[in-house]
Amino acid sequence: MQLDAKIPGGPLETKWDRQRFELKLVSPANKRKFHIIVVGTGLAGASASAALAELGYQVKTFCIQDTPRRAHSIAAQGGINAAKNYPNDGDSIWRLFYDTIKGGDFRAREGNVYRLAQVSNLIIDHCVAQGIPFAREYGGLLANRSFGGAQVSRTFYAKGQTGQQLLLGCYSALSRQVAAGQVTMLPRREMLDLVLVNGQARGIVVRNLITGAIERHAAHAVVLATGGYGNVFQPFTTNGMGSNVGAAWRAYKRGAGFANPCFTQIHPTCIPMHGDYQSKLTLMSESLRNDGRVWVPKQAGDQRRPEDIPEDERDYYLERIYPSFGNLSPRDIASRAAKFQCDQGKGVGATGRAVYLDFAAAIKRLGRAEIEARYGNLFQMYEKITGEDPYQTPMMIYPASHYAMGGLWVDYNLMSTIPGLFVLGEANFSDHGANRLGASALMQGLADGYFIIPYTIGGYLAGTALGEVNESHQAFTDAEMEVNAKINRLFQIRGSRSAASFQIDLGHIMWEYCGMSRNDAGLQKGKQLVADLRQEFWENLTLPGSTGEFNQSLEKASRVADFLEFAELVISDALARRESCGCHFNEAFQTEEKEAKRDDAQMCHVAVWEYAGEGHEPIFAKEPLVFEFVKLVERSYK
Amino acid sequence: MSPETINLTLKVWRQHGPEDQGRFITYQANDIPTAASFLEMLDIVNERLIVEGQDPIAFDHDCREGICGMCGAVINGRPHGPEKETTLCQLHMRGFQDGDTIVIEPFRARAFPVIKDLAVDRRALDKIIQAGGFISVNTGQAPEANSLPVPKSNAELAFDAATCIGCGACVAACPNASAMLFVSAKISHLALLPQGRPEAAKRALAMVAEMDRLGFGNCTNHKECQVECPKGINITNIARLNREFIKAAVSSPEEIPVFPAGRPEALQMGAK
Amino acid sequence: MNWVVSTFSTSIGKKYLMAVSGMLFLLFLAVHLVGNLTIYGGAEAFNSYSEHLHALGPLLAAAEVLLVLAALLHITMGVTLFFQNRRARPVRYAVDKTGGGGRTIFSQTMPYTGLAILVFVIMHLTAVSRFFVDRTQKTAFQVVTELFSNELYVALYMVFMVIVAFHVRHGLWSAFQTVGANHPKYMPFFEKLSAIFAIIVGVGFGTLPMAISLMN
């Protein structure tokens, strides 16, 4: 597989300028002749659809939900980073770049990350102009807060629902283009295959989820913005129930390289599990860690109520082990530390799989009203779910899978290894390395959609010979037949277990053997268990109804089938990465202080996997990561 | 976090498709953990139905964190159930008693045709946003973010209105199936911000005209919408919409757009 | 004048017409009640009020025309809204509950109390107004006293006044909300005023028969 990242040469600061100059332009009159398919309407997909339509391209946008406003970007709570330096506390584009690449444990490209930091400020300008109701100071100017391990206050926020507000901004821009006739919006459609003609991505096959009809859609380029694959850990995940790897997986099977699938982020502040029937975990913004103090009882097995445990019998372990960052230590460190405490029997709550997040000190210092203003909706949510009042008693939290840094491999132009297939947002792998910093996902999704793809897709369309292709092309017919065949196979199993039960089993395997802390023996075992489960799935699935109708069980089964194949790739990738870095923690590679130990000599690369056909091991390739501008240092948050 | 369980009788609206008449079917839901959410309760029931070879109950859902707006059904006569400011996914079974009978119906409105069982088509709400629920700014045009101060109180009122998740509970709750709370939330959000003022008149006229065309009812100030809104959006927004509308109609040069007559395409099943 | 037609054809436009005509009726009710309360001053006071009122001549006629026009608007719009609203929910709920703080018996019965009031107004006008009753032979007080000597009429009249109070209870604050006058600072006042005015109207008009029987 050719892995040319196409990073322009020259100083870091001018790479993006240079690229924008070197990319060919599509003349204004010609833009309307190009049809572009966008799959997914989260921050990346909706912003890309809007921005491309504004330029004059004919866009067809697809989503699996009933309306584009539902994408799981809405669930992001904390905020969005930008290098505005409004608080005058020493931030800069360079610092945001450096923090992001260091946060990613030096497993991302310098060029991509620097560009992300550069466009971050444009995003805030644009979002404010769209009417996003960001938090403001009394003088009417924008407020900032420090977030998720940053030592500067660079995070813009809209109470606890920044993702929701940003997505509604994209959705409104998208709606405007739908009204203008530039975007054809097709909700309740699920992409089931990517169609290639002459090696170029030229369309997709989708299932109309209302009628069950299989539809073909042709275009000059295809943009995937289909989110991450955290549901491979379901129920130990905060992902929405519908989030799935299907579209990315089908693209992989058509030849798109999959990069770093083992880089999955575990979020430290989720509401703990309460029973087997639980469908997923609920995330609470880690902005809570700004004012909450994490602790466990010093004594393992301490059964007292938290209020009854005196101060000197509490272990504020993050503050103790990481004195300079304390409760704001990065996500992976905070998550593993919580697991470590629970594994020692110091976990609290009914399951012993939880630690306290205590606001008593903050309430005393700032007053209840201020805490309510900052976290009111999060506290309310917690109380609703657990039936406990966090103003009175400490919250309980536990980590859960949250975000996928890995994804389809893309070059600097966000194009995958398939020409004409672009991948944006969480679905690609590009900017977060082995670990994503808080408030950076929203930034990346919008950067990709608003400010990168509009340039780079033009460069591709203007510089590529694209023949006339329509929906009656043989490639569409073949793809549709394959899709139908796969659906029919699912119906013919006629076993006795539901798709949902397989998904939960898969999640348990992945969480146990490929979760926060991994080792080779466990990974090998997990891989075998996944293979066994997959076999059982194809022998024992039961699927009600038929394909020609609204059939949520079929949707689920199709997605679970993909997850069962994909999970094995995650484990293979985890086995192949002979180091610990960021969120990938292999117990064989750790410092004496139990911190992740990178191997920059051997492992400073992007791991890319290429599909080699049914029953064959995927082909492994490396994209070396070259650091010209920053020095690789060991992360230390002590 | 108690391991308690309860037994329930569910009377669920089952309807194969938009043309089907639909009917209530009774299910016995035993051993439901009280810590489960309402949707997890339906998951448990569906799991049993699937294993028995029956058709599971169709219902929309996604984030299960009360923010995406996709879930929703009428539980014993109340959209999203009996709890205040709660979506169905955040309604927990600890609020029900052992032996309760729960009647579950889809959101009912002419503008929200039933797709299957409890899943309804709410694209009419998208249509209203498309009519004008945006600020016309192209990517790249924006001025420096802090060049436009917004009074904190206005920003907060705008935020409160912008918290609308588009679930449609206001329509479902309204005895007239009116979408006024939904429309007013978007109108208010944008009208309260200086960025939204240039298009305020055009927006108010267009969104109201589109709302009317789609077959929603009229607001008669029952306040049911604000009682059932999972985000606590209140009817002062409707009053603001009324002001914005009449101001636009009487004092701005903008005309009320005339949308094509006939059955709105948003109401046609499976249409593009 | 096309914009006028299109404005008042919208749902909000129709509601404005309902609200503004409704406010006119509320004003009318207030004036009418003040006038009628002169009954408590005895036959002379009441007859004097009646004479003064009729002495207004063209002004009174103008007010009457305005009220008739407002009534026509209020009725047309009310009927239109009623049927539109029914059509907006073709399939009703099997269980339909309110969570408290929402619809009330007053708000839910508006179309029906409205219809009842129309019936009453017709009945009332045919019984007392100068267009239907020969006032040359009788004083206003005599007309009223005769009317209220019929016990069945009194009972009916009192029921109707309760109905008017119901209509006013929802109508008053609702009219302010519809014209956009809802503000956290003064809406609570309108809500209270709604209840108080409804009681005043109900009690004020409703006790008139008793006032007369006491006087006789």
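Just a few scattered comments:
Per-chain residue numbering starts at 1, and chain names A, B and C are given in the order in which the chains are listed.
Note that in this section contacts are C-beta pairs under 8 Å (C-beta built on N, C-alpha and C of every residue); 3 or more make two chains touch, one makes a residue touch a chain.
Computed from a predicted model, the values in this text were never measured in an experiment.
Chain centroids computed from C-alpha atoms place B closest to the centre of all protein C-alpha atoms shown. Of all chains, the one whose Cα centroid sits at the greatest distance from that of chain B is C.
We define each chain's centre as the mean of its Cα atoms; on that basis chain B and chain C are separated by 36 Å. Measuring from the averaged C-alpha position of chain A to that of chain C gives a distance of 61 Å. Work out the mean CA point of chain A and of chain B, and you get 27 Å between them. Residues 47, 50-51, 54, 65-70, 72, 74-75, 84, 86, 122, 124-131, 133-142, 158-159, 161, 164-165, 168, 171-173, 175-176, 178-179, 184-187, 208, 210-211, 213, 238, 240-242, 274-275, 277-280, 282-283, 349-350, 381, 384-387, 450-451, 454, 496-498, 500-501, 542, 544-545, 549-550, 552-553 of chain A touch chain B in their complex. Of all the residues in chain B, the ones that touch chain A in their complex are 1, 3, 16-17, 33, 35-37, 39-40, 43-44, 46-47, 49-51, 53-56, 58, 60-70, 83, 86, 90, 92, 94, 115-116, 119, 121-123, 125-126, 129-131, 133-146, 148-152, 155-156, 158-159, 162-163, 165-166, 189-190, 193, 195-196, 269-270, 272.
Of all residues in chain C, only 3, 6-7, 10-16, 81, 84-85, 87-104, 107-108, 110, 170, 173-174, 177-184, 187 touch chain B in the complex they form.
Residues of chain B touching chain C in their complex: 11, 13, 22, 24, 74, 76-78, 82, 84, 103, 105, 108-111, 173, 175-178, 180, 208-209, 211-212, 215-224, 226-228, 235-236, 238-243, 245-246, 249-250, 255-256, 258.
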